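By letter and in written order, the chains are A, B and C; residue numbering begins at 1 in each of them.
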């Protein structure tokens, strides 16, 4: 591809990028009255993020953030009380709920002996996968180097092939 | 009468399926041509009977025949006709009938388009697919008959679950099933190859279009599911790593790996054993998904009502089909020695890496989905594995894949070199880095959070894939002719590949942008109140009562403006269906490619002012997620139009003499 | 090396075995982390008399059942006769926890169906329920004389379950105290 074409392409892509930037501005919000009052926007964000990581126990697999169930509403209130009224951090709130409901309430399993295999599994699988890949590639590469001929024989073959093709061109 | 006819049709279909499987497979084993020839007509007859059964069930729904238990459970006379028909797959029994119907469609397609395949091979493929039909037809007749009667006959039906009364329900299951079930064709091809002891590049060439079509449907099916969940569930999420969602995503990942593996097997005769294993795995995952949704083993919003006897049947069937095929693979699997060579840096290696990453991703999702079950089964407690886990493990794997994708786009077969690749890719690398990080820097206001890194990574990877994909087309142009001429002469496969890869990048951009810049407000609003979100002003106009065909709704109005200019009016609803149940939320969405504006009603709040709890969202570029899916599917479609598949048709229409003397079309 | 071709079958066999076991289990059952721990203390007004309060401390020294119920709970209607009979015939101490209910409704319900409870605590907001890890009604805790929770039954108690599981456990706990 010529240099001019490359730079044209870059310019077009740059234009695309800028238009993306123009339409996706940073969020700004001021609300009339929140359903719950928070000390700051960051705290509100933390609240909803945490709820997204907790399981609604009476639902068919929904988070506390999404669920409309009664118990979910109660637990949302409880998390609010812990976070805003009592100023607890995420870890303390999680402990509070796990003490009462068990590990089941967490959508992110903790890293502990019971879940070592879960968290290291993907990594181990990758290692196994790439080891297999390395073995296969090495096999194929070794096969490439070894075609059973000596250097002399290889040279003779090349010569023969060349003379053969000359004959074809003639005919 | 009609339900009885439907039942009879199913029984006849079962007979046809038995004939379709037993005779041809035995015939292929013994070399008896007439037995093998039975496969085609039997398959078409089976299709006819299952179609008749399907039509009979449709008739029962449209005439609101509540003497049929399934109709009574899933329909209602007030239900609009198009939903009455959709209700066929709104419950377990009917959806199994749909599964079987789609299977007969695929089987008939194979029967009709397989004339260029050797008779023995075609007989085996149809025979294997027939066995699967037998399994599903037996399943229906023994445990899940859609035509089972109900006495006393209720005056009115229960109604289709309101969540399912939606266009998403009309499109998503059939499309998804076409994909799921389509994997059975690749499965059939794989088993036929193992049984016949013949596994070569020709086999790969025959299989490729079939797996591509199935993959296209599966891509659309998964994308449709995500889109539907997004606007239906009312809280703006588009993927939850729910077990049933995972059950559809795993075959997709395996199918993608299979497409790439087939490319190598077809072109270079390599990885044959692995490709066969992938084909078996893809379909096994489809069956596993069918099991998970209906057995009650895992909790999911998508699950059908579970019944232990059904779970046992499907598990047994799964065990026999997959266990049998993996046993066959272990015993008859081709040896991996011999075949072509390739160097460490080559397209073969990169495609192998692609397969490793996709299969590891699939295995990771399987691990996460089944882990709670393992822990519970061992009596070690009860765990949940949810989105936080899956996001954390999936994103890194996909990121590595996308990096390698760029290299793969420009790599050469058999022998390539790092200096050569770098020479061609350095522009793309720098361009992607500049574009991606530059855009991210412009968009992220606070550079010292992880957000810049996250957005930057997503955009850099997407830009990298797009640039290299365009390059992959560019570099194949021969300079001798004009640009237009050169573009016309490129094989469709090249365009298809580039478009599909670009589709992936588009999806990644959508995911990155919407995850990072999604804005949300949950507030109490009374009529006249306004709220601002990302520069948009939402003014709540209050709520009206409206009447739908089978529901009553409170319909809210939000006037949305930006800098004083009107943008749109959103109408979220809170519906109460005639058939009862919890009130349903319908979001009000203004959809654009650049962003979605989304409003949903919560509940009316206490106080005289008519206030409601509402949720407002601004979701930048969320549509890109599904647009990317469409582009991937489109890429597949374009790849299918490649000349070499048309070559097969040309050869078939050639005079009979040359047809018999020519080798099967694939080796041309 | 042909042995590696058997790996997929082996992996699959393991998965099928797992799923087979899974069919016998209930994915929605949430075991309680409170077993072996002291019952969370509370001091709630009673259903019968709002002025009077009651808590688990009042039952120290006795083995008792703590039954979480509500007048709006359908399953509780199946369980209630079993409890009434159990309280009468088997000398069981059953303490009730009326969960997120209305006092008038609760009293009506008890009047209609009988009152097996020594006393019922009134948990209007459900806060105590959260402390107990209640997620569905009815639930029944078996508490020993030292105030330690020894078992949690989820769902309605049937006559069989009462006979086969609850009574032996209570007997054992009483014997050891």
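One rule holds in what follows: contacts are C-beta pairs under 8 Å (C-beta built on N, C-alpha and C of every residue); 3 or more make two chains touch, one makes a residue touch a chain.
Every value quoted in this text rests on a predicted model; they were computed, and no experiment measured them.
Visitor: When A-B is set beside A-C, which has more C-beta pairs in contact?
Guide: Per the contact counts, A-B leads.
Visitor: State the chain with the largest centre-to-centre distance from subunit A, centres being mean CA positions.
Guide: Centroid comparison gives C as the farthest chain from subunit A.
Visitor: For subunit B and subunit C, what's the span in angstrom between their mean Cα positions?
Guide: Between these chains, centre-to-centre, one finds 43 Å.
Visitor: With centres defined as the mean C-alpha position, give me the subunit A-subunit B separation in Å.
Guide: About 19 Å separates the centre of subunit A from that of subunit B.
Visitor: How far is the middle of subunit A from the middle of subunit C, if each middle is the mean of its Cα atoms, in Å?
Guide: 41
Visitor: Identify all positions of subunit C at which a residue touches two or more other chains, and write them in rising order.
Guide: Residues 30-31 of subunit C touch two or more partner chains.
Visitor: By the touch rule stated above, which residues of subunit B touch at least two different other chains?
Guide: Expected reply: 299, 381-382.
Visitor: Residues of subunit A that contact two or more other chains, please.
Guide: Those would be 102-104.
Visitor: Touching subunit A in the complex: which residues of subunit B?
Guide: 233, 235, 237, 240, 242-243, 270, 299-301, 303, 340-344, 348-349, 352-353, 356-357, 359-360, 363-364, 367-368, 371, 375, 380-389, 392-393, 397, 427, 431, 435, 438-439, 442-445, 459, 463, 466-467, 470-471, 474-475, 509, 513, 517, 519-525, 529-535, 582, 594-595, 613, 618, 620-621
Visitor: Taking the complex as given, what residues does subunit A use to touch subunit B?
Guide: 1, 5-6, 9-10, 13-14, 17-18, 20-21, 23-35, 48, 52-53, 55, 59-63, 65-66, 68, 102-109, 114-115, 117-119, 121-122, 125-126, 129-130, 132-133, 136-137, 140-141, 143-144
Visitor: How about subunit B: which of its residues touch subunit C in the complex?
Guide: 273, 277, 280-281, 284, 288, 291, 295-299, 308, 311-312, 315, 318-319, 322-323, 326-327, 329-330, 333, 335, 370, 372-374, 376-377, 381-382
Visitor: Which residues, counting only subunit A, touch subunit C once they are in their complex?
Guide: The contact residues of subunit A facing subunit C are 57-58, 70-71, 74-75, 78, 98-104.
Visitor: Spell out the part of subunit C that touches subunit A in their complex, as residue ranges.
Guide: Touching subunit A from subunit C are residues 30-34, 100, 125-127, 130-133, 135-136.
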